[in-house]
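Next up: some structures, all given as structure tokens.
You will see two complexes here that share subunit A, one where it goes with subunit B and one where it goes with subunit C.
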Partner chain A sequence: MIINIKDKKIEELIFRIPEPPRFFEAMLVGRKYDEPSHIASRICGICSVAHTCASIKATEKAMGIEPSLQTINLRKLVYHHENVRSNVLHVYFLAIPDFFGVGSIIPLVETHPEVVNIALRTKKIANDMVRIIGGRAVHPIRIVVGGFTKLPTEEEMVEMRKMLEASYPNFEKTLEVLKALEIPDFERETEYISISDPIDYALYDGNIKSTDGWEIDDQNYMDKINEKIVRYSTAKHCWATRDAFMVGALARFNNNYERLTDNAKKYANELGLKAPCYNPFMNNIAQFVEIIHSVDDSIKLINEILEEGLDEDKAMAEIKPKGGRGVGVVEAPRGLLIHDYTYNDLGRVEKANLIIPTGMNYANIEKDMYALVQAIIDKSEVEIRLACEMLIRAYDPCISCSTHLLKCKLINK
Partner chain B sequence: MTFTSKNNSNNSGCTGTGVKIIGFGNKYRSDDGIGIRVVEELERLDSFKNIEIIDGGTSGTNLIFLLKDCRKVIIIDAVDTGQNIGDVVNIKVNDIEEFIKRGYKSLSLHDLNLVDIFSLLKVLKINADISIIGVRPKNIDFGDRLSPEIEEKIPEIISIIKKETGI
Partner chain C sequence: MRKPKVGIFGLTGCGGCQLEILNLEDQLLDLVNAIEIVHFTEAITEYSDNYEIAIVEGSISTMHEIERIKKIGDIAGTIVAIGACAVSGGLNCLKNLYGLEKAKELVYRDKKKLIDSIEVKPVDEYVKVDYYARGCPPNRFEIVDIIRSLIVGKKPEIPNYPVCIECKRNGNTCVYELGITCLGPISRAGCNSRCPNSVSGCEACRGVIDDPNINAQKDLLKEYGLTVEDILKEFNLYNACRGKTIEQKNK
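Entry: the complex of A and B
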């Protein structure tokens, strides 16, 4: 991040992502239809379920494969817990230490041991959920095109429900900690984009929806979402109705508040989070509210799956490889994630386009930063730098995990 | 290409040997995949059939949950401790602070890095005999192959693992 300030006015502000371009798109070309999801899951250890599911959905759409309702429910279930563990990592391991003014979670072991224990317990439950359903805690291997190679047992489903039910007291304690945090009072209205569904608080599937009033089928994402190259970074800038938009927990919350469980709404209300919210720092709070929702909805999903009974015959759909194009859109923890594949008649990838949420937020982070720095320009250099770092971290960007290596350079202050 | 793992059903605790071997890294970022390539190789060896071998991917915080009831944990990772490219180091967890002073970097992990994880383990008083066998990579750009000079280190790494585990 480079901010060039002269006479208390910003002359130039550049947010540079140093990560090289993600060459996974090229790596997918030529692969057989059952390979991309496993390769895509390696793009990121935190978002491996999201990339797996986006990839599978793109392939299934391209080949007209229809997974069973059981498969979709199990995918939704595992999906919740990638979101939970990622949100836990961000809220407890990165954001709370920020608000307490310490560099990481490590000093909190002495000062706030309960917070650390809750973080670890909640992450462990989410990890176990992904491991039981996906076959591995990171880079799941049972979630494949057409369904699941192995189903969890009914006993495991009951065990998972018990773990989830036991986690509620942790959230009550976290609520008290979060209520005491002083969230910066900063607002900048922008366009918020996420997927949306008439029934679910959409994470796994839905239309693409904007707070600017449009909603489109996810296959037509290119009608609204545009990318451009900027000269100073290897990451592309994205825009839709305006010159920038935000994706992620706050965007989901703003578009889909009504679909949250009543319990999650209660927590949002207690924490002063109301839709629409234009304060990007509240993204952390939206992430916590989503944890509650995911636990509530997971218990509901487990009950539904158990009531229906796990059926091996529904574990895999029929697959007939063929040519065609398909788009898989999901909500990764950091926001909208798009995989767009074109297959040839042999069932091999001819073309792949991946749009990741950090890339989509990139232009919006710059615009927020500009407004924030201008608003606090009379503060000390140290305070401005800290505020900028906190703002970027509020977006929970996946920049090769460099969120704690952020360098903010102020010039001519 | 196969995606199976003999240990895919459970990696929450240790097997009877009390030893766990974990590879970290991204096998689609060239030499960053050394940890994963080594554990894939170990899974093919009969002599390791009673030891739990884990593909840890790029998520370091999971390590905290993998130490339960373990006598010994061996981590294989792409690391830079200032050694020459391709040089293999074997670091004991108790020496990690010395290596941090020398600029130790785990190049693989996408959440908390290994230094933070070890600091966290220390303050949480989670004790396990942990060794990190690290190789300094030559290239971590996107790619699904190791550099030849890194690939040729696999037998040396396996030999160190055998010595560490008494196999």
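Entry: the complex of A and C
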């Protein structure tokens, strides 16, 4: 991040992602239809379930494969818990230490052991959920094109429900901690884009929706979402209706508030989060509200699955490899994630286009930063630097990439 | 006991290995007590150039990373490579397979000259690596075991036998019986056969055992009409840098 200030005016502001490019769009070319989800999962360890699901959905769409309702419900269930553990990492491991003025969760082991314990416990439950359903916490094994290679047992489902029900007291305590934090008072209205569904608070599936008043089928994402290469960064810039937009928890909250459980709405209310919210720092609060929603909805999903009974015959759909194009769109923890594959008649990838949320947020972070620095330009360099770092962290740009390599260079002439 | 200073670094990869360290929920606090983590790309803001042990995730894929790994090598007395990307180049090597220049052209088109990207290589192509925690993702308990061994000064034990041994011990039905091709017979164990446990074929993310050719497992493959070469050809997801692959098919 380079900010060039002259005579109390910003001359130049550049947010650069130096992350080494990996060329997944090239790696996928030529691979057999059952491999892309394994390859795409490795784009991000933190959102491996999201990449796996986006990839599978694209392939299923391209080949006309129809997974069972049981499969979809299990995917939604596992999906919740990648979002929970990522939100936990972000809220407890990145944001809360910032507000306590320390560099990581490690010093909090001494000063706030209860917070650390809640963080670890909550993350473990979410990881266990992904382990039980996906076969592994990072880069799931069982979630494949057509369904699941192996189903959880009913005993495991009951066990999961028990773990989830036991986690509510942790959230009550976290609520108290979060209420005491001073969230910077900063607003900048922008376009918020996420997927949306008439019934669900959409994470796994839905249309693409914008607060600027449009809603499109996910297969037609190209009608609205544009991408370009910028000179100073390996991540591409995106735009839709305006020159920048925001994705992620706050965008989902702004678009889909009505679909949250009543319990999650209650937490949002307690924390002063109302839709629409234009303060990017509130993204952390939206993430916490989503944790509550995910736990509520998971218990409901488990009950539904148990009521139907787990059926081995519904674990895998029939697969007939063929050519065609398909788009898979999901909400990764950091926002809208798009996989677009074209297969040849042999069932091998001919072309792949991937649009990741950190790339989408990129232009918007720059715009927020510009407005924020202008608003606090009279403050000391140290304060400006910290505010900028906190803003970037509020967006949660994939922490595997850049967050903690963040260097803010302030040139004040 | 003195706490060794440890730096945990991320190079080209997905961050999943570092995440597996954070996923040690039950042991994380013990770990933080046993070692002094002075650098952790994914979890702490501070950075330090003073450490004895470097734990490195990811492969080398840019000129900048060559400099970084050489600097890490100069500082650290011991280097532990974690995860397939650091150990063998991992999945990143699919870029080499596709062709570096072609890949740059495909993704960055006319801006490709601005992109710092080189042939992907594993960490030990540039610095001496003392220990390897293989796998994608690595087994987090193996990482703990290596750290524990380093603290008490003993040599960690890394399996050099095939996944089949663990798979049998776990009482799984051989996935070949279910019509699934599996690299278990020639792949290095240490993962507790996690993919076959989930009724999926092993993809050799921990690499191949030292000398699979003289291994009796060849007979097992023969039963299903396959050779070691056959299955290595079919699966090159994690081992493309090691030269045991072929061109991608049907292009």
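Observations on the model:
The rule is simple: the second predicted complex is superposed on the first by the 408 of 413 C-alpha atoms of A that agree within 3 Å, B and C clash if a C-alpha of one lies under 4 Å from a C-alpha of the other, contacts with A are read in each partner's own complex, and residues count from 1 in each chain.
FYI, contacts are C-beta pairs under 8 Å (C-beta built on N, C-alpha and C of every residue); 3 or more make two chains touch, one makes a residue touch a chain.
Quick caveat: nothing in here was measured; it's all calculated off a predicted structure.
Steric overlap between subunit B and subunit C is present once the structures are superposed on subunit A. When both complexes are overlaid on chain A, the residue A:30 reaches subunit C alone and has no touch with subunit B.
After superposition on the shared chain, subunit A has more residues touched by C, the comparison being subunit B against subunit C. Look at A:127: by the touch rule set out above, it reaches both subunit B and subunit C. After overlaying the two complexes on the shared chain, residue contacts for A:39 are found with subunit B and with subunit C alike.
In the superposition on chain A, A:73 makes contact with neither subunit B nor subunit C.
When the two complexes are overlaid on their common chain A, residue A:229 makes contact with subunit C while staying clear of subunit B.
Of the two partner chains, subunit C is the only one that A:348 touches; subunit B does not reach it. Once the two complexes are laid over each other on the shared chain, residue contacts for A:110 go to subunit B alone; subunit C is not touched. The interface of subunit A with subunit B overlaps its interface with subunit C at residues 20, 22-23, 26-27, 35, 38-39, 42-46, 48, 89, 93, 104-106, 109, 116, 120, 123-124, 127, 135-139, 141-142, 398, 400-401.
Interface residues of subunit A, counted against subunit C in their complex, comprise 18, 20-23, 25-27, 29-31, 35, 38-39, 42-46, 48, 89, 93, 97, 103-106, 109, 116, 120-121, 123-124, 127, 135-139, 141-142, 144, 149-150, 229, 231, 234, 344, 346, 348, 398-401, 404-406. Within the complex, the subunit C residues that touch subunit A are 10-20, 22-23, 25-26, 28-29, 32, 37, 40-46, 61-62, 64-65, 90-92, 94-95, 97-98, 102-104, 106-109, 111, 114-117, 136-137, 194-195, 197-200, 203, 237, 248-251. Against subunit A, the residues of subunit B that register as touching in their complex are 1, 3-5, 8-12, 26-28, 55-62, 64-65, 109-113, 116, 119-120, 123-124, 141-144. Partner subunit B is touched in their complex by these residues of subunit A: 20, 22-24, 26-27, 35, 38-39, 42-46, 48, 89, 93, 104-106, 109-110, 116, 120, 123-124, 127-128, 131, 135-139, 141-142, 398, 400-401.
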